[in-house]
């Protein structure tokens, strides 16, 4: 893969930049309350796919232009639900519809690097679901107003939130959140456990997320992270199957350079310097799970 | 379906009434500590099945006659375990036994309307399991004594609690609760997350649950709620499968009247008035999951 | 099965003793920081298998020699990762590798008695995973330093932790813990819900765990515990399947001596005295799930 200059990519609704091993993606629609249009969906999927494959990248942060009050106010429905429908898919019939928020959730979830949502403002709809739930870590401003408003807008919960939210927090909180559509602060008992770190001011969110990302990027092994993420997402159907899967992952990585460096650093009481990437292992990256093909017939995604 | 007059139904052990779009079901056995007998099982299943199909009903509350100290003290075992066994099932052999608490859990769980347990007293056994765990929301009195006493009575945890409780709270708390049989207040760290709202007095529980139910009944779309509940219960086996399922649900509801009203109300900065019901969609209500047939051969349920 | 004298067993790296109905297993490698070598793995598996089958045993506690600062400092990697590899398995090829921490996790998880980890010191690596996560209850010292350091050592999370931790706490906390490798106290919000009891001093951990184990051993039914554990681990794929499974378990145990004693004690307002064991039910112990065979070809486990 040719080296990408993230800042030079022709994005309209997001900004992206690589600093060290950390890519920061910024939602750049402050005049539209950082709402979601069709184009930003495609740009985010492109950006996360690039980060997944780029061996320089160890962590990806999603944040938003802070001149808008919202981190992300959800789909821009000022023009009605038209935004939802894709002309090509509609021609193929109702079964061809693919929820655009869900395509972002899947792209983030498939990114094998550490992913962090830096929620530096209010969040609603897909701004709570696709833009937060599939991430490994969530940082948030303490006074953010957060809501899953779907049942109050006449539509079911979207963007794979009925899959992700119960897994993250359990069904008790997930049902309370998705079925009430309440607006809550991150300190609400219903959201306990969702956020890795809650920051007192909007301005503090991105720096805290960056410092965290940089520390992890410097101290963790890229293949160890990727395999741990894969095992968390696809743990197998029983403890025995998980044992077979993690044994296989340990056998593979346990003889690689990063594991040797991990032990050396431990014995020498210093921080490790890991060099292994996913690039060298691309061919060997054979998932033990099967993926449903989500593309509709003429999909251009 | 003919219009039901809930108050006129010939129930012996429960009361039921429809007020606006909210049905309140009251356990009406205060002299027996609101304990469970065979008849109340059948009456509860009948009531939840009616609410599921009645297009006027948007939310169902289960509460108890407050003159007894218990919301529900569990199965009435003053006469031994005989209560458990069904004559017809026993004739068919041991495989025909169906736990009666579990039949209530399944009826509540299949009800497509919002369900709320208003736990205005102590709760034990099936009063903790069937009468609370399958509900979407639980409201409780802060001083209620709560217990899953099964292992201390010589029987395994019942009423699908080994399925529901780990899903609601995770396996760490579920194991602690079901394997210790401890008696705890709702503020115990082991119960954190189970209750949507904890009220300081017994008297405050039902009014709080009613106000909550009325607000949701007035502001949420019935089909959006039903589909969100179905997606939470049957999310699919992977994020990709969930994406296909919620995309299908959004395609279907996104072009219906409630979604149009949701957008209009959002643009006009007013509360929505939803009119869609499940009635018109009864034929189209094709679940994407298969149900095990739980009936035993001669079951009358 | 002949009666076992636990104290007389020829263990090198653990101690075991039976007191009443409670077996206490003590990690006995204080000079090696209670770290894990190949031998302790085999001894722990032997001990948990014995406790599973010994009808005298109702609860098993794992704790550590307190003269070391660590409850368990994880695998002893002072000699590199060689500890991981098994000569016999290596000859069979890379697919024969079985992670030794995982074999302990599975042995603990298959033990049908109540299991309690009494974490009376710091814990790292397999000391956090295999030695804590598969247990029914965890007691811990408030100042213990706890860490899942895998991604900082160059290897993926092991010992079935990617299966067990999300089930215990949900994916939000599990991802935060396994992907950051942070060192945390048990009071960290990321660990909320993992520990049944947090004790202020190291010395208080084992006595609290013992008192808890003795109370449960005296007051709970052995088959009721075993079936509840089995239902929690293998709840079925749907609420309907769980209903069939717990109905079967209740039909079986509901007519046994312990259930009769449970009702009698309840009516006589006294504590029950349960006498049923698993021994008499060994042949009838037919799990409703299938187990993957995890043995590699020439495995001696």
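Each chain carries a letter (A, B and C) given by its place in the written order, and its residues are counted from 1.
The criterion applied here is as follows: contacts are C-beta pairs under 8 Å (C-beta built on N, C-alpha and C of every residue); 3 or more make two chains touch, one makes a residue touch a chain.
Remember, it's a predicted structure, so these values are computed and weren't measured experimentally.
Visitor: Chains in contact with chain A and with chain C: which ones?
Guide: B
Visitor: Tell me the angle, as a multiple of 5 degrees, of the rotation that maps chain B onto chain C over the C-alpha atoms.
Guide: Between chain B and chain C the superposing rotation measures out at 120 degrees.
Visitor: Under the over-half criterion for shared residue numbers, do copies chain A and chain B use the same patch or different patches to meet?
Guide: Under half of the interface numbering overlaps between copies: different.
Visitor: Roughly how far is chain A from chain B, centre to centre by C-alpha average, rounded to an integer in Å?
Guide: The mean C-alpha positions of chain A and chain B differ by 33 Å.
Visitor: Mind pulling the chain B residues that touch 2 or more other chains?
Guide: Residues 169-170, 192 of chain B each touch two or more of the other chains.
Visitor: Along chain B, where are the residues that touch chain C in the complex?
Guide: Interface residues on the chain B side: 77-78, 80-81, 84-85, 94-95, 97-99, 102-103, 105-106, 109, 134, 150-164, 166, 169-176, 178-181, 189-190, 192, 233, 289, 291-292, 294.
Visitor: If you look only at chain B, which of its residues touch chain A in the complex?
Guide: Residues 114, 136-138, 167-170, 192-194, 196, 216, 219-221, 224-225, 227-229, 231-232, 235-236, 238-244, 246-263, 266-267, 272, 274, 276.
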